[in-house]
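Take a look at this one; I'll ask things after.
In this document, chain identifiers A, B, C and D correspond to the written order of the chains, with residue numbering beginning at 1 in each.
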């Protein structure tokens, strides 16, 4: 018995690697779901979006790039599901050029989800009526500040090449005054730019979606109320997906929740290795004594 | 007669009531006390405008800001700002031209304009008054450091306590010699002007001297071409100082690539193929820190790390045998070389810490006991 | 001359680097911009030649003397030459003189970067998760008080960041966040003061010519 | 199953597997990937420096007869090559001195502002800190932790007297902080692994949707 503990204390690293690979891969192929419980920052964001009045809209700023896609893309999808389910008007823009493809993918995925179930034209999600994809504009301060005055002037054409001032949805969205909340999803400091420039100048409410590593930087802003609500990392995305499914009854592929099962399994496996290692260590130490 | 008088009275009353009505329904009050000032501490081209909020502020959409100047007497709109805000910066002024501003409260279709402000022109400043505190701190610390370096020059005996990780350096080099295996020295991933790299170069010099006397082999892969050049000079010089210029091989210090993960892949390859007995990781590191340290640990090498990258320290602490944390990296070069000038700087730094702690405690005590706005000092 | 000229240059450029911080005037700011964006970038660009020269030499020697694993050096040299040619003559977006696509199959430098360098880098990065697991297993042992603290804090953070924990220990995620925002902040800030002072001291020593290690031989 | 048909996806997938194979053992497959990676990234750097730095910042303007003062700068840059000529090899110190001096000078006020002045400001406790009791208590804890951590890095005194308990408290804070950072980062790194595995299973093999 003692001998086997000792063996465990000196486990080959490849055994650890292989089991880690296994616990991450299996949930990707056969997802199982752990119900995440929404933390206050996510709940706040959800509630704020849930209570957007008819005359205002949600703006999503897709500021992440392909390298942080696993963590952040599910957030954009969950937000769109929420908004489309309640027929809230949505505007989407990109601060990073590499975000264009991702934003387009999120919009296509979610509108397809709704349109495949839609019975009538009124049920469908249509570009220009239910949402507008403004595309990309640089340098960053141009859209961030310019949208406070006139959005159609910052983005004369939308991503699909339509003139924005002719779109039905744009008749109600003039500038930040018509924006109930702007959610910036980024693996970088872009949400801070929105706080520093758009919020201080125009008072627009800011929500954030950030990677787990970046999240710590946002807590002070959350406490001071400058950030209305926030999703952090895959966990934040999973919590939002849970709220959308639970409260709105909207179902769809939950990528963050599914990835969260890999995440959870990996965490548990690492914690088990630590425990095994320590037990082995103590058994060996006692024997030496 | 009586009747006419009454009629007139009623007339007045009606007019008065109507006016009152107008005020209640359309009572849009303009913002007041509009003041314009040159924006401080900038390169010119900016004017700050301040005003007192309109009484009707809660019902407003916001404020339009107009400006006029002598060359352009027609008012032009320079910006719009949401309600509840009482300042705006006009970022498009021409230095030297006098401008006046008007702030207009906007509510749906109604507008109420303030009076025009004072005339003001923007100009650039030569000195950033908001940064006096930084200058004061810089002077204090510079004084302390230079003072102690001078004392060291004059031969004062300066005490520096032992640093655990450094005692291991000799031992680790000795071990590599005994085993007849090379020593790997990774000088971090930042450029030559980074302090961590400078410290890494100093430590490299000391390590190379010991390696030269022990007749071991040194491998120094680099990720910055300039650091590579300097590292090569430093190692060459160390071999000369150790009296073994013949043992120096220029090929032991080389450049790999400036791409972070390609570098990590290459160093991983070196560690698993050349099997160095000792690995040094000194300098500034990013996410590759743990890739390097864990691969090194798997080859059974003794590992000594030192970095001022606080983000990566936990990983070095976990995966290496000895880790110089933060400032210890800088102290190490002073400690290893025993160069009085470097030691003097270290003592100066310690006094700098005393100053910081004193400032923290003093201002906190003042801040707690009085209502003085101590934070405004910083 | 060999020593004095570099030391004078360091002093002058040091002052040039520090002053714009306290001079908001446009002249100072645009000079600073010019210095960073033109002068330093151009100088740094030339240094790359030294680097590439070094790696090419290192691997040609390896091939010449048939050192261990010399065959792989061919791969490095050939891929370096091919990508440089495609990049230099094909242009970054494949718009240069050299054609970078054959029958709809494009191999411009951007494509090579996206489909080769990026996956290679991302995979190296992803290997970190395995290394974290093995490092945690090997090193997180309650050897002494400090090591135990390290272990416990890491354990709480890991447990606190999975959804499961909020059902078993509802207060755990909050506690994990507390460790991150209170003791972690204090430790990092405290270390940061020392690091800033150390970096100030080193920078001063460089500018004042006390620190000369970078000169290599001081002859 | 929808295996990818784009040859580039296959290249990416094979390279991904090559790097991962290192986890089992250093092997020829990894060696190929490693050398390829270094070769390609150097080739890309050369391309980038030429097209994105030298062309727009130096060659284009000078060729048009503008900004001719850049020519002496280019000569200074070219001094790097004197390293190969032993007699004048000391000239290489000139470009190094310029880069180093500027870096050192620029870092002085910025380090003091960002890492000292701003951080001192964030650490000081005042009456308003206690507007919320919890915040107040934690602010005091942070202040104590900061002072203790500073004392841990005090080099000119032995750890005796007041320094003994202080530096011990310091190491407690440091270890708690480091442990937390470690545990916190695990999540982000696993996300990267999930990203890579999703690439293999979805984009390459088409096993999942």
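The criterion applied here is as follows: a residue touches a chain if its C-beta (ideal position, glycine included) is under 8 Å from a C-beta of that chain, and two chains touch if they have at least 3 such contacts.
Since we're looking at a predicted model, the values are computed, not measured.
*Asks:* What's the fewest number of moves from subunit A to subunit B, given that each move must go to a chain touching the current one?
*Replies:* Graph distance in the chain contact network comes out at 1.
*Asks:* Where are there more C-beta contacts: A-C or A-D?
*Replies:* By the number of C-beta pairs in contact, the winner is A-C.
*Asks:* Per the centroid of Cα atoms for each chain, what is the distance between subunit A and subunit C, given in Å?
*Replies:* 28
*Asks:* With chain centres taken as the means of their Cα atoms, state the distance from subunit A to subunit D in Å.
*Replies:* That pair's centroid distance is 25 Å.
*Asks:* How many angstrom lie between the CA centroids of subunit B and subunit D, rounded to a whole number?
*Replies:* 14
*Asks:* Which subunit A residues sit where two or more other chains touch them?
*Replies:* As it turns out, subunit A has residues touching two or more other chains at 13, 17, 24, 212, 216, 233, 235, 263, 266-267, 270.
*Asks:* Using the touch rule from the top of the page, what residues of subunit B touch 2 or more other chains?
*Replies:* 131, 134-135, 138, 141, 192, 195, 226, 229-230, 256-259, 261-262, 265, 273, 298, 314-315, 317-318, 325-327, 331, 346, 349, 353, 356
*Asks:* Could you pull out the residues of subunit D that touch at least 2 other chains?
*Replies:* 19, 22-23, 31, 33-34, 37-38, 40-42, 44-45, 80, 83, 96, 99-100, 102-104, 107-109, 112-113, 116, 123, 143, 146-147, 150, 153, 174, 178-179, 181-182, 184-187, 190, 192-193, 195, in rising order.
*Asks:* Does the chain-touch network form a line, ring, star, complete graph or other?
*Replies:* complete
*Asks:* Which residues of subunit B touch subunit C in their complex?
*Replies:* 41-44, 124-128, 131, 134-135, 138, 141-142, 145-146, 149, 192, 195, 198-199, 201-202, 205, 222, 224-226, 228-230, 232-234, 236-237, 240, 251, 254-262, 264-265, 273, 287-288, 290-291, 293-295, 297-298, 308, 310, 314-315, 317-319, 325-327, 329-331, 333, 341-342, 345-346, 348-349, 352-353, 356
*Asks:* Which residues of subunit A touch subunit D in their complex?
*Replies:* Per the stated touch rule, the residues are 14, 17, 24-25, 28-29, 69-71, 211-213, 216, 233-235, 253, 259, 262-263, 266-267, 270.
*Asks:* So in the complex, the part of subunit B that touches subunit D is made up of which residues?
*Replies:* 131, 133-135, 137-138, 141, 158-161, 163, 191-195, 226, 229-230, 256-259, 261-263, 265-266, 268-269, 272-273, 311, 313-315, 317-318, 325-328, 331, 346-347, 349-350, 353, 356-357, 359-361, 363-364, 367-368, 371, 374-375, 378
*Asks:* Write out the stretch or stretches of subunit C touching subunit B in their complex.
*Replies:* 21-27, 29, 44, 47-52, 54-55, 57-58, 61, 68-69, 117, 120-121, 124-125, 127-128, 131-132, 134-136, 138-140, 150, 188, 191-195, 197-206, 208, 210-211, 213-218
*Asks:* Over in the complex, which subunit A residues touch subunit B? Could you list them?
*Replies:* Checking each residue of subunit A against subunit B gives 13, 148-149, 175-177, 201-204.
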